[in-house]
Amino acid sequence: MMTQTTNLISEATPTLLGRTIGHLRRIWRTPSSNTIADELQLSPELNPGDSEQLIQWMDGCLLQECNEVTARNRAVILGRSYLRLNEQGRSRFLLLLAEHYGINNEQIEDCFQLWKNAPAEERAKAGQQLRESLDPPRLRLLTQFNGLPEGVKFLVDMRAELLTLKKTYPQLAELEADLKRLLISWFDIGLLQLEQINWQSSAERLEKLIAYEAVHEIQSWDDLKNRLDSDRRCFAFFHPNMPNEPLIFVEVALVKGLANNVQTLLDEAAPLQDIQQADTAIFYSISNAQPGLAGISFGNFLIKRVVARLQQEYPHLKQFSTLSPMPGFCRWLEQQNESELEQLSGGKQWLQLKSDSDISGHMPPAEAREPLLSLACHYLSQVKGRGHLSKDPVAHFHLSNGAQIAQLNWLADSSAKGLQQSAGIMVNYLYQLPQIESRSQDYSQQGSVSLAQSLKPLLKL
Amino acid sequence: MMTQTTNLISEATPTLLGRTIGHLRRIWRTPSSNTIADELQLSPELNPGDSEQLIQWMDGCLLQECNEVTARNRAVILGRSYLRLNEQGRSRFLLLLAEHYGINNEQIEDCFQLWKNAPAEERAKAGQQLRESLDPPRLRLLTQFNGLPEGVKFLVDMRAELLTLKKTYPQLAELEADLKRLLISWFDIGLLQLEQINWQSSAERLEKLIAYEAVHEIQSWDDLKNRLDSDRRCFAFFHPNMPNEPLIFVEVALVKGLANNVQTLLDEAAPLQDIQQADTAIFYSISNAQPGLAGISFGNFLIKRVVARLQQEYPHLKQFSTLSPMPGFCRWLEQQNESELEQLSGGKQWLQLKSDSDISGHMPPAEAREPLLSLACHYLSQVKGRGHLSKDPVAHFHLSNGAQIAQLNWLADSSAKGLQQSAGIMVNYLYQLPQIESRSQDYSQQGSVSLAQSLKPLLKL
Amino acid sequence: MMTQTTNLISEATPTLLGRTIGHLRRIWRTPSSNTIADELQLSPELNPGDSEQLIQWMDGCLLQECNEVTARNRAVILGRSYLRLNEQGRSRFLLLLAEHYGINNEQIEDCFQLWKNAPAEERAKAGQQLRESLDPPRLRLLTQFNGLPEGVKFLVDMRAELLTLKKTYPQLAELEADLKRLLISWFDIGLLQLEQINWQSSAERLEKLIAYEAVHEIQSWDDLKNRLDSDRRCFAFFHPNMPNEPLIFVEVALVKGLANNVQTLLDEAAPLQDIQQADTAIFYSISNAQPGLAGISFGNFLIKRVVARLQQEYPHLKQFSTLSPMPGFCRWLEQQNESELEQLSGGKQWLQLKSDSDISGHMPPAEAREPLLSLACHYLSQVKGRGHLSKDPVAHFHLSNGAQIAQLNWLADSSAKGLQQSAGIMVNYLYQLPQIESRSQDYSQQGSVSLAQSLKPLLKL
Amino acid sequence: MMTQTTNLISEATPTLLGRTIGHLRRIWRTPSSNTIADELQLSPELNPGDSEQLIQWMDGCLLQECNEVTARNRAVILGRSYLRLNEQGRSRFLLLLAEHYGINNEQIEDCFQLWKNAPAEERAKAGQQLRESLDPPRLRLLTQFNGLPEGVKFLVDMRAELLTLKKTYPQLAELEADLKRLLISWFDIGLLQLEQINWQSSAERLEKLIAYEAVHEIQSWDDLKNRLDSDRRCFAFFHPNMPNEPLIFVEVALVKGLANNVQTLLDEAAPLQDIQQADTAIFYSISNAQPGLAGISFGNFLIKRVVARLQQEYPHLKQFSTLSPMPGFCRWLEQQNESELEQLSGGKQWLQLKSDSDISGHMPPAEAREPLLSLACHYLSQVKGRGHLSKDPVAHFHLSNGAQIAQLNWLADSSAKGLQQSAGIMVNYLYQLPQIESRSQDYSQQGSVSLAQSLKPLLKL
């Protein structure tokens, strides 16, 4: 379920990783007061001849007798060496880690036997040893990279690289899973901080928004400034050890009534709203910022925390809603055969219109309004993907969070992507705090979808 | 090795815990916008009748089908309920957690068999399941308490309470170990921040120093101000989720030459030193602040980080040294029988003096200087405790960190404790960065102690 | 009117000035990279022989051809020299400044004539020159001391010293007035910042509260912490160039109903109030912190700004009131002769009681309640000092601010000072925003005092 | 001298003022808790009919009997009314202020007579009254606008508007001068803060750099980021009451050797310099940011403060130099007649080249190098403007600061402006701290120019 979530929320482009490496190389320069005589000298592509040396070094880091300070110093030097490698070198480094320093099956079996046969008073200790045998040494090594400046971000980016590489090298999967376990414990939601981002934030933080936003791309610093104006809010989760890197962020507009068009929201020339008059908060964009945290979801917490915070700060806000795309709608529509569509409300009319003219990727004609909205309503509320869960990933995300499908908006997103994926239609998912809990459970357990009363007629033939 | 370290560095008094509970009760008030209808209603002492209800609630938190946000909300309510209990109630709560929600032996065995017999391509997944079976559900529950305000500090204090309680209830040992594992991953040294504390720090932080310092007790705010004056430095490690709670802190004096008397250092009336003239940094007090983090050592990192930082900021500093007690010296001296002592340098003279007059707990007479310094030198450098490691815990701590025994100071601590434990003698342990690494290894592996050339004559008969 | 205000609000003790000088000497050390070859070498007591050298130096600072950077560098050296002087030396320095570098009467007359006879188009320029002729050169010199670290505080303290010295040396009065003019322009209320002070503030700021509070002395850091607890507020005005020095501060308690006893408010053992239930803010102490800013009043702004801020933050607060002493009451009472007192409500009864027993400085007996409250009410609302303004300085301060005399509290301050000055009675002055403006004008223009309806019976015979 | 300085340093474009007004209108909204019943209701263009009402209001603000808090409240309402006016309305408002509320000549004469005839003991008081009679009431009124949010910036911008308007309405000159006096006292250099600006600064601050830089225009946020990279520094003076508004800022590059080409410095694609290797700080751009502070110079302080700060932070820096244009060179060259030029080193060759081809505004040919550099050297060091001071404004600025003309760089600025004004030549002015003082005096008093030994041959025929 979590992995799905991250499919839906837009991901940062991988180019940032390249930039990060350059940045880290600069700030990880060997300090002049280095107490270990010689650094590791590796060729950029990590020639096979270097592997020997590398393994010796890693052995050194993991020696039992090595004290912790020394072990960490060595790990730091290892981290610096990794950064000096080129793309090929980094792959080889990771493959080498994947091959060595994993868990030892025999040791596990031994520990298991010891545990199983341990007398009651030694069970706990034997259990602890069994646990440790399941902890690969390479994970201990990787952990220690956090001692480098911006080391946590470094590990997050290493996982991003592993997620890409493991498509080519399946043998990296376990290493990637090791790293994921580590990151799950560090990025526990209770350790994160919800922070507001605005025009007073540092340029260093703000340029990350531009880089990471992908739902409705930020075109320029002027566009960004408009999105941070006095009638807008932007919130992000941060990890205290990555203070300049948002993990996930949401953009909110404070408006009067349910917003029904995203271009209007993003129009830089539009007049500023008086937030004293606003009664509705519209969540119009939510982006995951760290590909290296894929599968570690924060989105379901973010919206609710932001709702709670806005409600406290602006008690006159009465509604909290998204303005969301239906990314899978057009694809689904195309895949249905005629006989299936004919069974659905609006299906026949749609087939008629479709055959009359080519309307894909264009602004749909006025007469398509009724049939397409009906089909969209059916798609969102009735069409299932895995089990009893909604096929549309965005719908699934908000429904599992306890939201209601509240309104469908015609000609609400006239961007190329909006027309191509959602036929220009956008959805308002409504977050009503008192019902969130029960709706979330009804959906998760039985697949029941909360649909606003006003939309139900759309489903009738 | 780690546990020993924490024996040596002074620990905070447990009274703070009581204060914290009152403080947390205040900041954890049930919010008015609570979405879950009813809180848990428990009697303060957690009567047996309440256990049923409590178990049901905990079951609810751990249900598979419960979504993560709901699960965390319930955990938070559980945490608030725990806080409202009195001491007896809290013990019962913890005992109940210890009894239930531990690991399931049968499940472990099943997982192990599945893993052992898994085909290669399913090994990783099976390994992951085996790992999870070793993770007790109660740990998942406790983790989620971090969502409460100051939740991380809450868990640290819960472990402190467990460490005390497990002396009475050994069945709490595993629960305590669970919590320790959690805290080890969160308090990894690479995630901590080294920060300077001075008179510009908040009163909230500073009052913690007064509460936690125990090597040389801070008598008053004036005493504290004197220790933070322009010729002093104080550094602490902080965890980002506990920003007002130092984990460990060290007090440093910038002086000319090796300081040889601690009362002089602490004298509020002493003139301020011109730090432009200082060539030596004296580490005269190091205190662990969090009993709940016992066994998770930061001390060996703290000194070296502070040395590095001071060196960069004040390049004219040439020496980094402690001014330390010998807490085990007098006890050891008393335990030696006469024939053994006679073999040692200074032993005969000491036996003579001792028989002549009662000198325990008093300022030792001038003629005891030579024999006692000799015996102290022998004690520190030759007397072994576990294996080849020094018997004196402070000596062990600094030697394993790579320091040298550089100087012994006569009449250096005239406090009651100083006379009683160390016969008023104090030691300078010298940290010389280029030799730290090798000295640390020599000591850890072979027990070799680095002793300044000038002290060696003291060992000769 | 301003000078009176500062008489009423408690002033800081002058000892702080001595401390400041020591502090400044430390932070004003001659920098090593000094570009001016030789500093001024003066004897600590500024022997007459040094005056010559000093005058030459000052001449150098004020030379027309000297560029501004050089002039300021020289002024800074002059400032450092001043600091190295002892008390006598500083007096002589100031006397020398007072004697030289004042305004030049002939030059003023010339400028005036030039201005008077100037053709229209040159009038403005001539006016500017006349203005400049009235600006004494020593003021230009003093201004430049602001370039020293904490230079603004230095000048404030210099004026404090002048205010004391001019009692002995009247010839310093003009120099003091010069400095006052300078400080008035810098300490314009619009340039000041209202800031909250709490337990998260720096110890450096907090120790100033302890030093400067004089209405109800702060006994210890524990007492201070109690006054900054969650049901208390403390606000101060700060000047941006004196960030660690409050100019004036007020202590507020958030309570239910009008507080009627100050010892209860200050009791550290009293239970914490739930501020969600509070409906009243009690201003129970207001202190001027800088003797050097005497006559530059901020008090009338402070209360209103704090009222506005509290009202916004805690909309459930319904009343804003002081709990104030009547510092002149007992003195006034003693000075009245019998025949006058007999005319007043309560007068006869009081004379009777007084003659029966000695009650000065003791807790007054219950039967004195009615007569003393009546006399107090008369004293506050009817007895005039200068013109039609109230004789009691505290009453005058709050009435000119637009407050109402709302309640008199019997046995409300049992401290020695409270009994001696106010017979233990305290007053609630009520600030009701809608009426503040008109009440302030009625009082200032006609001396009309706003008295609560409930108090009026006290005035009737 | 000051006014000249501001001619030389680039000024911000006036468009910002318009933006500011919009911004202020937003943040000065009438608060809901307004205690004065009715605001001023004026027509946007301030029709003549409104003047009456306005004057009444201003009278109200200045009434003697009005207490200070009320007076300031009224002034604030006046400020809000001013902001709601359009351009014409604002002119009329200012003209009205200029006409009324100035100084009163008769009152001045009276005060002068009183002062002149005052007995010694009343002289000081009479002097003070004379001073006050020279203080126009409108200045008191304007001062109180500082109570509005961002009020100080508001007054700075009002003066900027006055500086423009007084060209059309000379009668505004005195009002402008009043405001200037006020700003001079508030913007005293000792009250300003030198702060570093970098990529961690807020976007709100950074966008001001883009708007205000005019020496070498900032093309984009990428250009800006390049100028704030790790081998660059940017420093600005800030006033504490205008925390988001730099007053003046300087851009510095840390390089190896004297930089001799500005396009190279600004090239975003150029590799990052290792600042550990840098030995020279190049000041390549200095911009005044506030047109409203014209004539209040900070530039001479800024460079020296930055030099001192850089020297402390990077002790390995050995040289501090500018890379500056010669804005008046080409104009001067054109204005010389042939016979004059022939007398100068390089003059004949230049006349020859010039007659051969049209070279104005183009990259000058290689053979022009010698003659043009010679003429440039003559121009900078020998050609005088006012009195004995250099004709070139940039040269004058740096020479009066105590710098040396150290190097002339051929083809150093190939921008259109650089070719047109300076024939592409740029100058390094060298700041050598030990000589700054004496060079500055020699130049100011006798016009002696410090010219590097290596440049002197250029002057020989």
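For this structure, a couple of remarks:
Going in written order, the chains are labelled A, B, C and D, and every chain counts its residues from 1.
Basically, a contact is a pair of C-beta atoms (placed from the backbone, for glycine too) under 8 Å apart; a residue touches a chain by one contact, two chains touch by 3 or more.
On a predicted model such as this, the values are computed, not experimentally measured, just so you know.
Chains that touch both chain C and chain D: there are none.
Of all chains, B has its CA centroid at the greatest distance from the CA centroid of chain D. With each centre defined as the average position of its C-alpha atoms, the distance from chain A to chain D rounds to 48 Å.
In this assembly, the C-alpha centroid of chain B lies 57 Å from the C-alpha centroid of chain D. As a whole-number value, the distance joining the C-alpha centres of chain A and chain B reads 38 Å.
In chain A, no residue reaches two or more other chains under the touch definition.
The full set of touching chain pairs reads A-B, A-D, B-C, C-D. Across the complex, chain B is touched by residues 33, 35-36, 65-70, 72-73, 103, 108-109, 112, 115-116, 124, 127-128, 130-131, 134, 143-147, 151-152, 173-174, 177, 185-186, 188-191, 240-241, 300-301, 304, 308, 311-312, 400-401, 433-434, 436-437, 440-441, 444-445 of chain A.
Residues 26, 199-204, 206-207, 221, 225, 230, 272 of chain C are the ones touching chain B in the complex.
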